[in-house]
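Before anything else, here is the set of structures, which you'll find just below.
Both of the next two complexes hold chain A, though its partner changes from chain B to chain C.
Right after this comes the complex of A and B.
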């Protein structure tokens, strides 16, 4: 049973939340919606759940017009980014709630709830109050509640974003295992996130959404290796891909007085307004490199993010160790230029090191 | 430092307790006094300072023919009117508040906030302004001097309080909780009854308490809108007053009339001190 979204548009104010979104969600697959905040991810999920009615467009599921079916009859499940549970019920009652609503036999409810508790690692917590749980545990309860229903469509709206770093890593791992074995074959799982790393790890079909518009669709690896535009390259990298305005002539990439030999996949591009894209991880510190000035150095986890400047060109470099820099320090860097992307002046991909287009 | 803190804490608790309880003790002793003991200088302790008698209390239940003011019927009238009006106000007010909190209404330039303000504005006007319209309204539907008429008027007065408190409360309950209930298979009515309402009990208690207090203590409308058929407690108590102020029976009636509120306060305190109601929603 496929879920087909057709030309969905939603514009409650002067900005599109959804702009002609069409997509075919196939059963048994994991889909990741990748986009920045306010890109329309939540709107899309709420529209599928039935909490929002789009201004135009259709949703079809199992051959039926989904928009005509009220939320409570749609058999979808949703996990919010806030930890939403029923505060007046304990853990067991929370998870049993959707089953009770269907008037299922109590013994079957008990069994199913225990199964769900087990799969999210909360056995023994069934009599706890929701307020007594940590954020991660609360989110596990909402996940268990959405799993217990055996819904055909499971929607997860940035479920990890409100957790701290460590918990996020841990839960992400658990989610992955759960998705790969715990779900029925016909479930459509739609997971929205702002985090490119999460997208890569879940390794599903990715839908890149920006300002309510679908920019690119494809497997996670494909999106990462061959982003079809500057926007997608920015969204699918954290920190965003460095964009450098450069000119290619005589087999040299020239910008800010620097000449770098152009790799083969870029050498034929000689047009004006060309933009070179380079990931922050594809730039390294090197004694013999080009001199840049430090504008800001931030340490995030075990890596250092260096914001560098030379003339009008600003770039971010991520280094896999903790280093101390002062503002206005001079550093020397080298570009792994064979990993560089090129984009046309209008933002479309011109060439990628992984063989996109001219490469 | 710590000892000083404990000393100060208990000191203020004692002071406050005396402050709260003294008037009750005063009223209690006075209610057992006669004219002599009240006006004959300061007296506190029964049987030592003065000879207690039940005259002040007897007046309250004696029929007017025997020189008393029978407050039993007004007492139950007051209870009935207050409870009925509060209950209806809470039910209607909670439903209106939920609608105002969750749905968008628009009629020309009138939007949700304007409607909420309209409710509250009913309480901004001085009662005297409302009295004439109320009088004319009740007389036009033949409900002057009747319990039903009073209940109608009290609902108009109490419902804004309920709406006001509950709108604020519902706004603090995340919408996502309702949405989750819908996704979990509740229709909107079930979502309200099974999920939103059980999480709004603290708000309901506060709103209910305010309604009961404001309904119970109202004198003005009870005085203006009733004559002989029906009387409420506050009006009747005032009728006790005569050329000689009967402090003993006034004290007795004060104690009797404050009793229901004290009972309500104790019940509510029980509920709130359980602690699991406030802060249920983060």
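Right after this comes the complex of A and C.
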């Protein structure tokens, strides 16, 4: 049972929320929609759920016109980024709600709810009031509510974004376990996120969305290794990929008075306006390297993000340890240039170290 | 902090409260123990005589009280159902939403006494437009002079007059509800009807209780409608407690006896409204 969309467009104001979005989702697969905030992820999920009607385009599921089916008959489940539950019901009643909407025997409801509670680790909380739970627990309740109805399409709209760091890590792990436990056998799982790391970890098919437009579709690894444009490279990396305006001549990449020997996959690109892309993790501190000035040093978790500057070129370097720098300190860095990407002036990928469009 | 002067600042408020609330209640209690009437105006002391008369020798008071209970409960239930329906209708995005919201409030902006005079003209048995219209079908109900129908006439007028207030409270309540549970309910497979039963109505329960209690208190004072529409008639068939107390106190000047009725009425109302509030909370909020 495939979920197929054709040229979905939605333009409620002067900006496209969805711009000719098409896809073909197959059952049993996990799809990740990756995009920055306001890129149209939520709009797309709401359109699939039936909470929004697109201006044009079609959605077909199981060969039927999905847009003609009202929300409550679509058999989809959705987890929102805000923890949405029923404030007037307790945990058990919340999870039982979707089942109560169909004619299902009370004993089966009890069994299913208990199973769902177990799978999200909330056993023993069934009589609690929703307001008495923490954010993470509330989100688990809404996850359980979406699991319990065995929907054919499960939509998860940035389910981890409003949780604190620790809970996010923990729930992400549980999600992965749940998804791999055969739950997805006949389910289409659609997960939207702004976090590239989450995307890579979930390791499904990725749809990169920006300003309502699909930029690239492919397995997570492919998106990571061969982003087809500058924009995808920015969206699929956190911190965003460093973009350096450079010129390649005589087998040397030249910028800001620095000459770096060009690796083989870049050596033949001699056009004007070329942009070199390099991940923040592909730059390292090195005594014999090139001198940059520290603009800002932020420590996030166990890594340090260095914002560096030389002339007009600004780059971000991430270092896997906690280091203290002051503003205007001078540091020396080295580029792992064989991992560099090249993009044409119009933003299209010119060459990647993983063999995309070698040329 | 030094709170030595707090009583000084509390005094103006307390003074007003004592003047308009506490003193009158105490005075009514004292008055009810006196035989004050037009022959014998004065605060003498006759013990519980008035109360004994009320509880043993005045079925008219109790009849008027049960009539009042019937009228106020019926009107409030009707107001709640109609008010909720109207509020629910203009809560959604419909055409001319603003127009309807204002339209439904119009009865509240009119003067009740004047509107009742107009209703009386409407329901006039031989000259009113209602019976004029009904004469097409060959019927001419005695809207104001049949003991049973007159009660329903009072109910119609009361419902027309006060449904807007209920509508206003319930619309405010609906507009203050969180949107998220409705999104969730749609996704969870609840059709619009089930959404109303399982989400809207339970979420509205606390507001409903408040609105019903406020309207019950108001409705139990029904007086102007009855006064203008039927003057309690025919006979005593639409007479309510407050109207009867008014007759005894301000028409026949049995001040002492009217005071004992007022005080009894107050106590009964406090007790019964407390019980109603408790029951409503239990039924609607399941607490």
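Definition applied: the second predicted complex is superposed on the first by the 356 of 359 C-alpha atoms of A that agree within 3 Å, B and C clash if a C-alpha of one lies under 4 Å from a C-alpha of the other, contacts with A are read in each partner's own complex, and residues count from 1 in each chain.
The rule is simple: a residue touches a chain if its C-beta (ideal position, glycine included) is under 8 Å from a C-beta of that chain, and two chains touch if they have at least 3 such contacts.
Worth saying up front: this structure is predicted, and the values here are computed from it rather than measured.
K.L.:
Return fit or clash for chain B versus chain C, each positioned on chain A through the superposition.
P.N.:
clash
K.L.:
Applying the document's definition of touch, where does A:49 land relative to chain B and chain C: first, second, both, or neither?
P.N.:
In the superposed model, A:49 contacts both chain B and chain C.
K.L.:
When the two structures are overlaid on chain A, which partner does A:159 contact: first (chain B), second (chain C), both, or neither?
P.N.:
neither
K.L.:
Please indicate which partner A:239 is in contact with in the superposed arrangement: first for chain B, second for chain C, both, or neither.
P.N.:
It touches nothing on chain B or chain C.
K.L.:
For A:227, using the defined touch cut-off, is the partner it touches chain B, chain C, both, or neither? Pick first, second, both or neither.
P.N.:
A:227: touches no partner chain.
K.L.:
First (chain B), second (chain C), both or neither: which does A:196 touch?
P.N.:
In the superposed model, A:196 contacts neither chain B nor chain C.
K.L.:
Let me check the overlay on chain A: which residues of chain A are in contact with chain B and also with chain C?
P.N.:
Overlap of chain B and chain C footprints on chain A: residues 49-51, 70-73, 76-78, 80, 82, 84-88, 97-98, 101-102, 142, 145, 149.
K.L.:
In the complex, go through chain A and note every residue touching chain B.
P.N.:
Those in contact with chain B are residues 46, 49-51, 70-74, 76-78, 80, 82, 84-88, 97-98, 101-102, 129, 131, 142, 145, 149.
K.L.:
Which residues of chain C touch chain A once you look at their complex with the stated criterion?
P.N.:
Residues 178, 180-181, 183-191, 194, 198-199, 202-203, 205.
K.L.:
Contact residues on chain B for chain A in the complex?
P.N.:
Residues 174, 176-177, 179-187, 190, 195, 198-199, 276, 279-282.
K.L.:
Okay, in this complex, where on chain A does chain C touch?
P.N.:
49-51, 70-73, 75-78, 80, 82, 84-89, 97-98, 100-102, 142, 145, 149
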